[in-house]
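Alright, structures below, take your time with them.
Each of the two complexes below includes chain A, the first together with chain B, the second together with chain C.
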Partner chain A sequence: MSRIALLAVLIYFIILTGVGTLNGTVLSLALPLVVYLLAGLWRGPEKLDLSAERILSSERVKPGEKVTVSLTVTNHGGALGEILIHDPLPVFLEVVEGSNDRLVRLPAHGSISWSYTLQGRRGFHLFHKLEVNAEDGFGLVVKRKSLPTSGQLVVLPPVARIRRIAIRPRQTRVYSGLIPAHQGGAGIEFFGLREYQAGDSPHHINWRASARQGNALFSNEYEQERVADVGIVLDGRSEVNYLKGNLSLFEDSVIAAMSVASALLSESNRVGLLIYGDRARWTSPGYGKRQRERILQSLAMARTGESQNFRSLFIPHRMFPANSQIIIISPLHADDLPVIAQLKVSGYQVMVISPDPVSFEASRLEDRKSLKLSARIARLEREIMLRRLRGFGIQVVNWNTSTPFEQAARTSLSRPVTFLRAMQSGRGGRG
Partner chain B sequence: MQRITPTNFALAICILLGSGFLAYGYYLAGFDVFVRWFMFFGLFWLVALYNRWDWFSAVALILTVLASALGLWLGLHSGWMIAASIFSLVAWDLTEFHSQIRAMPKDELKGIERRRLARLSLLALIGLLFASLLLLVRGQFTLDWQILLVVMAGIAIVLFFVGRKPG
Partner chain C sequence: MTRRAIYVSIFIGAAILVFGMATQGHPIPAIGIALLGLAWMVAHKRRIRWVASPAFAIFVVISAASIWGGIASWMALTCVMFSLAAWDLALFVQRLEMTSEPTDRKIMERTHFTQLGFVIGLSLLGVFAITLIRINLTFGGAVILALLGVWGISSLVYRLRRHEDDIDL
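Presenting the complex of A and B:
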């Protein structure tokens, strides 16, 4: 019930009671209320003729970085007694200094400026309007107006610095890069031997092999290094990203996706991004800083969606030819295995980076024996699922999100998978 | 913990005066049971203010006006009943104002608070003058009422002139 209605009802009730009881003293009780009501109506606000302008100190920030919002409201009409100006904030943004509300008097053709500081979570935040409430002296008569203002703020996802991601797609592009191309030529890593050809550098002659053969010279051949096509698939399904208590792994997945994309682009690879939420959102493949920027913006706006499974996951060959590298970033669900295996069968070199939902949730569980047992069972089930994936020849990185992604990437992604397996088996042998 | 502002202070005083005058009016007529209830009601209103249950001020205003109307019908001292309604009305207004200014920066509030309090004190004074006229007619213009009137007039005049200062 509005304030004016409440007063009106009270006054009406007192008058009715006074008349009904034929008691003039009861009627006199209505007088202060009537005076209050009339005073409010008499000094009610005039027509609101206002305009507003918003300036943000920065439109692109990192998470946690502060942004100053400066607002100016100009009154083009008559003097306004008291107006409440409220700047509605997009969700996930919060004021850290100052206030987004202001209760002020505005003289005729006057203006007011103020600023406040905010910060927020990753995302694309749009500011639409300022809300203005003008009231009489007692707040009985209220006039509301929305003043259109523009403004947008992109809070970018954080990027973990990764020096190198060792991928070995079966097919590379023609340009030189850092990915081993399975072809002999100029490079650093030893690839094989071939008969000496005119023009070969004497430094490349393998004297030991040549001496064994007697009458022929052999040259060392090195593995060519080229750039590759890499498709990053970020799993944005709510079903797998949201856990009990509305906890989400999606932010971790976004950090992983951005870090991987950034590392691969810095090695001159051609990288594309697919965010698989409510529907597939592609950032078409490209090279260099401009592509990094495009991916950064796509990830800033990435949201989870309601897709239930990976069934509609389709990677167009035009974008990513068979034998190129696909990196899937997903907490994974047992039902996803056939689809991921199918990608491998189609010829893609597949890597899965999986933020571990079991450790994530287990670290937040109460210290109860039954819960610990359930966590252990869940961990075993997940381990079986990951082993099955590895059995398909897919490289799987099980990332415990309590450790920073840089660290996980350094231990699991910086060397070729064969090297890592050899290291693990060596360690096992010694143990 | 709420910070003490002029609005907070005035609000608490108005709540105490509103329920106090109601209790005093009923006490003068010998309704001792009601007195305890009204005092308890005033305390609960203060608790509601502390806990920011702003909705309670509307309920409290309705209850005070009803209790005042009942008192007037029973023939209790009109001045105290009307004064209770006036202070409850001011408390109800200040509660709304208080909820509005809660999130505002402290430095810009002084002038706004001063003006609002000045307006409300003037309104309360006008209400009390009406009540005084009524008391004169009914021959109930007692000494304690005169003291209240003089005190309120003093406060209202001071607040009115302070509220007119620019800022």
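Presenting the complex of A and C:
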């Protein structure tokens, strides 16, 4: 019940009781309440003629970085006794210093300025208004006004520093880079032998092979290293990212996507991004720092969505050319396997980085035997799914998110998959 | 200051009614009123906000009822005025707490107390005037007067609400 209504009910009660019993003393009890109501009307706030300005100390910050919001409210009208100014914060932002509410007095044509500090989670946060509540002295009459303000804050995703990601796409671009191009030429890694040609450096002559043949000279050929086209597909489907208890793996996937993109761009590759959430959001491929910024912006705004599976996923060759490298970052679902295998069949070199939902959820489960057994079954099912993927010739990184991505990438992504397989089989042989 | 004023208001409002009832030979209602006042104070201390409005309403009703219990009219009126003050200050404190950095806090408190003092002073003046004026009314006249009062209050409330509804969001 509002304050005015409560007062009105009490006044009616007193009047009716007083008149009903013909008791003037009872009637007199209504007087303070009536005077109080009249005072509220008399002191009611006038028309609100206010404007507001907002300045953010930074519009682009890393997660955990603090941002100072400075607000100035100017009164263009008459004096205001008590006004409560509230700055509604976008979700996922929190005040860490100061307050986003302020109760102030504003003289005629006066202004008030204050600031507070906030920090928040990854995302694109838009500030668009200030809410003002002006009241009479007794809080009986409240006038509300929204003051339009501008302001936006982008909290960027964290980036893990990865030195190298070993990829081997079937096709590379013409510019020199760091990706082995399956072609002989200038490089570091040995590629093959060919007959000596005029102009070859004497350092490249393979004397042993030449001596074995006797009548000709042979030169070592090295594998050319070039830049490649890489397409990163970030799976933003709520179905696979959200687990029981509203736990989400999506933030981990975003970190992985940004770290991979950053590492590949630093090696001069052409990188594009597809965020597959409620719909496909593309960041067309590009090179260098500018592309890194574009991907950073896209990932800052990435949200999960309700797409059901990868079946509707269509990759135009304009975005990710045929025979290029595709890196899918997804917790994965058994239904996704055919689609991923189809990409491989279409000629793409596919790598899957999969944040492990089973370990993620299992680490938060109670210590009960039945739950442990369920987790073990789920783990086995996932292992079978990943093996099937590997069977298609797809490189799969099963990332336990309790390990920092930097560390996981160093172990599983920094060397070619053939080398890692050889290491694993060697270890198996010894064991 | 405001917090202390709330406790003082509740205490005076309840104490005066307890005293009146006790002196008129109604110890059980007096104990009930004392307990009610105590409960209001405890609720305020524990920041249970919603208690203020029902407590205020109960005190007003009890004040009206206590007139038939034989207590002096000034006692009932004092109880109503101090309950009103406590109820008003409870909301005012809440508003002051809504900001962690209340600028001009003291000025606001001073202004508010002045306004409240003005309301109480004016009420007392009105009551004093009423005690001087004596009119004998028939039942019909009283009913017309009551209807006039209800109409007046209704139009006042309507004006206040209309003032409030002028929201620009």
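We take it that the second predicted complex is superposed on the first by the 430 of 431 C-alpha atoms of A that agree within 3 Å, B and C clash if a C-alpha of one lies under 4 Å from a C-alpha of the other, contacts with A are read in each partner's own complex, and residues count from 1 in each chain.
Here is the rule we use: a residue touches a chain if its C-beta (ideal position, glycine included) is under 8 Å from a C-beta of that chain, and two chains touch if they have at least 3 such contacts.
What you see is a predicted model; the values in this text were computed from it and never measured.
Participant: Based on the superposition on chain A, does the combination of chain B and chain C result in a clash or a fit?
Facilitator: Aligned on chain A, chain B and chain C clash with each other.
Participant: Under the stated touch criterion, which partner chain does A:121 make contact with: chain B (first), chain C (second), both, or neither?
Facilitator: A:121 contacts neither chain B nor chain C.
Participant: Thinking of the overlay built on chain A, is A:54 touched by chain B (first), by chain C (second), by both, or by neither?
Facilitator: Neither: A:54 stays clear of chain B and chain C.
Participant: Quick check for you: in the superposed arrangement, does A:204 touch first (chain B), second (chain C), both or neither?
Facilitator: Neither chain B nor chain C is touched by A:204.
Participant: Using the touch definition from the top, say if A:333 reaches chain B (first), chain C (second), both or neither.
Facilitator: It touches nothing on chain B or chain C.
Participant: Which chain, chain B or chain C, is in touch with more residues of chain A?
Facilitator: C
Participant: Quick check on the superposed pair: does A:17 touch chain B, chain C, both, or neither? Answer first, second, both or neither.
Facilitator: both
Participant: Thinking of the overlay built on chain A, is A:344 touched by chain B (first), by chain C (second), by both, or by neither?
Facilitator: Neither partner.
Participant: Return first, second, both or neither, reflecting whether A:31 touches chain B, chain C, both chains, or no partner chain.
Facilitator: both
Participant: Does chain B (first) or chain C (second) touch A:144, or do both, or does neither?
Facilitator: second
Participant: Of the residues on chain A, which ones does chain B touch that chain C also touches?
Facilitator: Chain A residues touching both partners: 1, 3, 6, 10, 13-14, 17, 23, 25-26, 28-29, 31-33, 35-36, 39, 82, 84, 98-99, 101-105, 137-139.
Participant: Mind pulling up the chain C residues that touch chain A in the complex?
Facilitator: Interface residues on chain C, with respect to chain A: 53, 56-57, 60-61, 63-64, 67, 73, 76-77, 80-81, 84, 88, 91-92, 95-96, 98-104, 107-108, 111-112, 115, 118-120, 122-123, 126-127, 130-131, 137, 139, 142-143, 145-146, 149-150, 153-154, 156-157, 159-161, 163-164, 166-169.
Participant: List the residues on chain A that touch chain C in their complex, please.
Facilitator: By the definition above, chain A touches chain C via 1, 3-6, 8-20, 22-41, 43-44, 48, 81-82, 84, 98-99, 101-105, 112, 114, 131, 135, 137-146.
Participant: Give the list of chain B residues in touch with chain A in this complex.
Facilitator: Residue list for chain B touching chain A: 58, 61-62, 65, 68-69, 72-73, 78, 81-82, 85-86, 89, 93, 96-97, 100-101, 103-105, 108-109, 111-112, 115-116, 119-120, 123-124, 126-127, 130-131, 134, 138.
Participant: Enumerate the contact residues on chain A facing chain B in the complex.
Facilitator: Those in contact with chain B are residues 1, 3, 6, 10, 13-14, 17, 21, 23, 25-26, 28-29, 31-33, 35-36, 39, 82, 84, 98-99, 101-105, 137-139.
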